[in-house]
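Note that chain A is present in both complexes that follow, paired respectively with chain B and with chain C.
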Partner chain A sequence: MTALLDIRALSVRFPTAQGELSALDSVALELQPGATLGLVGESGSGKSLLCRAILGLLPRAAFVAPEARIRFGGEDLLRLDSAAMRAIRGRRIAMVFQDPMTSLNPVRTIAAQLIEGMRVHLGLASADARQRALELLDQVGITAPEQRLGQYPHELSGGMRQRVAIAMAIACRPELLIADEPTTALDVTVQAEVLQLLRRLQSQHRMAMILVTHDLGLAAGYTDEIAVMYAGQIVERAATRVLFKTPRMPYTRALIASVPRLDGEPQRRLVAIPGRAATFYGDPPQCRFAPRCERREARCLQEKPALVPAGSDRHLYRCWNPEAA
Partner chain B sequence: MTSAAPAPLLELRDVSVEYPLGRRRVLRAVDRVSFALHHGEVLALVGESGCGKSSVARAVMQLEPIADGRVLLEGRDLARLAPAELKLARRRFQMIFQDPLASLNPRRRVRDILEAPLRIHGVPAAERRRRVARVLELVHLDPHAVLDRYPHMFSGGQCQRLSIARAIVLEPALLVCDEAVSALDVSVRAQVLNVLHDLREELGLGMLFISHDLAVVRNVAHRVAVMYLGRICEIGSSARIFSAPAHPYTVALMSAVPIADPDVPPPVVPVRAGEMPSPLAPPSGCRFRTRCPSADRRCAEEAPALRAIATDHSVACHYPGSVPLAQRTPDPS
Partner chain C sequence: MIVDGERPIEAAAPRAMPPRVLLPLAWLALVAAAALAAPWLPLPVPHAMDFAAAAQGPSLQHPFGTDLDGRDLLSRVVHGARISLFVGLAAPTLGLVIGGALGLIAAYYKGFVRRAILGALDVLLAFPTLVLALALTSILGATLENVTLALGIILIPAFARIARANALPLLGREFVLAARTAGAGDLYILLREVLPNMAMPLLTYWLTMISLVIVAEGSLSFLGVGIPPPAPSWGGMIAYGREALERSPHVTLVPAAVMFLTVLSLNLLGDALRQRTEAREGALR
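The block that comes next holds the complex of A and B.
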């Protein structure tokens, strides 16, 4: 099967006074049509920047390595001009952000915002677009859609707004949905509803999804495959179950262990990772997690580990001294 | 029966908090909330945004005027203290906030930030230095490395540990934590939770721990109070609340938490879709009835009182236990 999205050797750097800040380092990913990839990492690990790269929304100052490729349905997104990218963004690749107010215009009605995208991208007549907007609102579980169309974003609750943002994102039947922390700002009962909604829409339209999250619980329940990011690199990639059962990279294992669980022991100390993630410049010859790693050896600070296969199941990790399988 | 038990560390009796909205309209964010917290105990206040949990914290800290009821700290009504007495009493209760960087003055060195509370309370210089070194040790920060630096030079987790250090430098008996770990990354959150754990063990600190994250609450709390729309709907020991939640809302909250295990099926929430109604127009009777699968006429007519159903377990529901908590164990299929 050919991948819907195929990213190779994606390195992104930013020139700074201290040198070239390495924000993404040789990121490689594939995503099949209809599949869900979880992008897990802590703040500053590069997961949001990776999404922006896919959407062609990198900041101007960003320097992208010449050998980098982001193939989407046969085209290299890094080599499209901005007009060609606009035709893809919002239509074939859509996005949902953490704060729905960043994608909703506060001074326009829900109807105006939902209909605009469909008229621009799909060339629908106004009446048809309105009819489809009603269907979409119904699909994302909004009651009284007729009445909602005339309302403004501030008149809706947070969960409602995120549903509208999702309706906008799926309006043009995208092949890929990038959901960047889509439920982080929502209450937990609403979070479950929104994720179920995304999952249902995904199977109905065979839409692939990249779910960016810092919450391993979410990633466990809603993804087929997970890529763990640390300091701009993918440090481990595996099918979701494999990653949770046999993490090889010490960072992945520590991350799983540091999450308090509802079914965990009360009043217990948690496994904490000492220190904090550093920023790296250039291409340092070392493992980026090594300064915080309890399995560190001399080599970890002298040579950069490559992403190597762990055997079966397309399981990859980046470590000189991995955990036992 | 009058003199035996010592007064609880913190007691709220029918506390209500109201915010004036102008034109004589009033938003009642907290409605007749009562609970007691004992020395060395961690009571978690959980609920979704807008349920009033932060207003309770602010009422305890005397940061909001209380519309009704009494807040007693070690038996003393805080609202009745003269300003000078309240200032003295404040040594006994301190608070930490969600955004660690915003709660530290960016233009002061760590040394000044940590010594400020001691200076306000007239502690001499030598004693100040000794106490600051001691609290930094308690939060696992190296005094030599931090004292002369500014808050922006630290990460979020370190800043939160600094605000904890500042909060405990006066040796309080009660620490109010309002979403104190919510803004932190998971690996750092574990560091801060471990610091709180150590403080409980070493200083016997009592904590009012406000959080929306039930997994974190499971880790830290001895007792749990669940709030919905300004009222407590269930309160009890952590063991009871997590193993046998009786209020349909508590069951819904617990069912909705994702579990970091790919073999546990994703959550199914047993309540009607939708969100909390506006506190400006709360439903009649039971406030949760508009989303409750068990609601009937009685729930619309009569507000359920908080009633004990077991030792240290009370629930405000006409049909406690009517929504069972589904077992969420790994499904190997």
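The block that comes next holds the complex of A and C.
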């Protein structure tokens, strides 16, 4: 089976006064049609930048390595002109943002925002688009859709707003949906509903999804595969079950350990990873996690580890001194 | 979850308008209605002179009295409203459309386009406004259209600045990025995502500028480069009555009072609108 999305050697750098800031370093990913990939990492690890790279919306200053490839359905997105890219955005690849309060236009009605995208992309007549908008709102579980169409975003609750944002994203039946922390800004009670909605829509439309999150616990329940990012690199990639059972990279293990558990004893201290994520310039010959790593050896600060297979199940990790399998 | 998505209660019950909104609205409605209906009203012709009845005070035949050439002041004030309102609406609209477009473009595009627009606006801003209007009308010729054009051009830089200042923070907002991820092009983003968000500040400024332009037209007419006589414009009428200010003050005072009330009404309405929008925006964020 050919992958829907195939990213190879994606490096993105930003020229700064201190040197070339390495924001993404040889990122490689594949995603099958209909599958869900969890993209997990701390803030600043490059998750959102990777999403923007896929959509062709990198900041102007960004420098993309010439050998990088982002193949999507047979086309290399990095080599498309802006008109061709615009036809893909929203139509074949769509995105849901973290905070629906800021990702919806505050002064336009739901109808205006939902319908116009469909008219532009699908060339629907306005009555057809309206009919389709009602179906979409119904699909994402919004009650009284007829009434909602005339309302403004601030008249809806957070969960409702995110459902509207999801309806907008799936309006053109995209093959790939990028959900950038889609539940972080929502109440916990609503989080599960929104994630289940995403999963249902995904299986209905056979849509692939990239679920960006910093919450490993959340990724565990809703993904087929997980890629862990640290400081612009993918440091471990494996099927979700394998990753939780046998994490090889110490960073992954630390992340798993830092998820609070309800069945742990009360008053137990939460586990934290010491230090904070650093920024790297150029291509330093070291493991980027080494300064914070418990299993650090001399070699970790002298040579850059490659992403190597762990044997089974397409499990890859980037470490000189991995955890035992 | 029961109240989910219901409209807030205060939006359902409209409050009674306070007098400082109601009175200006009523006055402006009166002026606008009189201006629109002027040709059909039972008024004497505004430039019909009657030297036998020159400079008379108010009477049944001439409710506002007559001017120095015996022309009916009520008729002249009403016909003058047509001119003042035309200039007062057309010039700010010209500034709004051209200035708003330039401001949006200067906010959105970088490089040469932006530098060229901002540079040109700076040049325009550097002229004292009334002097520029004087120069333009004396070069172009003092007709109604040219006075309007000159006053409109003067307003372009301010509208452009306001548009740009409001557009810049909006362009960084996430809904613009979201629109882009949905495949929106430049024009769509500018007109459909950014413009609706800055309509209120632009419109409030537009409303304030109406009164400013009415005064400016009056000043130009007073200086003799405005609307040429015998067409009655409020500024021209005030200037004309000046020579007999001691003998028959009403010739100057009647148009001055009408202009004063109109400008005051516009300013009060502008203030009320600004307060409302600012309160609303505060609640939104």
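The definition used in the following text is that the second predicted complex is superposed on the first by the 324 of 325 C-alpha atoms of A that agree within 3 Å, B and C clash if a C-alpha of one lies under 4 Å from a C-alpha of the other, contacts with A are read in each partner's own complex, and residues count from 1 in each chain.
In the analysis below, contacts are C-beta pairs under 8 Å (C-beta built on N, C-alpha and C of every residue); 3 or more make two chains touch, one makes a residue touch a chain.
All values reported here derive from a predicted model rather than from experimental measurement.
Quick check for you: in the superposed arrangement, does A:255 touch first (chain B), second (chain C), both or neither?
The answer is first: A:255 touches chain B but not chain C.
In the superposed arrangement, which partner chain does A:88 touch: chain B (first), chain C (second), both, or neither?
Second partner only, chain C.
With both complexes superposed on chain A, which partner does A:268 reach: first (chain B), second (chain C), both or neither?
In the superposed model, A:268 contacts chain B only, not chain C.
Which partner does A:195 reach: the first (chain B), the second (chain C), both, or neither?
first
Have a look at where A:214 lands relative to chain B and chain C in the superposition and call it first, second, both or neither.
After superposition on chain A, A:214 lies in contact with chain B alone.
With the two complexes superposed on chain A, say which partner A:157 touches: chain B (first), chain C (second), both, or neither.
Once the two structures are laid over each other on A, A:157 reaches both partners.
Quick check on the superposed pair: does A:141 touch chain B, chain C, both, or neither? Answer first, second, both or neither.
Only chain B; A:141 stays clear of chain C.
Going by the contact rule set out at the top, does A:117 touch chain B (first), chain C (second), both, or neither?
second
Which chain makes contact with more of the residues of chain A, chain B or else chain C?
Per-residue touch count on chain A favours B.
Which parts of chain A are in contact with chain B and also with chain C?
In the superposed arrangement, which is not itself an observed complex, chain A uses residues 157, 160 for both chain B and chain C.
Can you name the residues of chain B that touch chain A in the complex?
Against chain A, chain B makes touches at 48-49, 155, 157-158, 185-191, 193-194, 197, 212, 214-216, 218-222, 238-239, 242, 252-269, 271, 273, 275, 328.
Please give the residue numbers of chain A that touch chain C in the complex, ascending.
My answer: residues 55, 57, 86-91, 94-95, 97, 99, 102-108, 112, 116-117, 120-121, 144, 147-148, 151, 154-157, 160, 165, 168-169.
List the residues on chain C that touch chain A in their complex, please.
Interface residues on the chain C side: 1, 4-8, 173-175, 177-185, 188, 192-193, 196-197, 199, 284.
Can you check the complex and tell me which residues of chain A touch chain B?
These residues of chain A touch chain B: 42-43, 141, 157-160, 187-193, 195-196, 199, 214-222, 240-241, 244-245, 254-256, 258-264, 266-274, 276.
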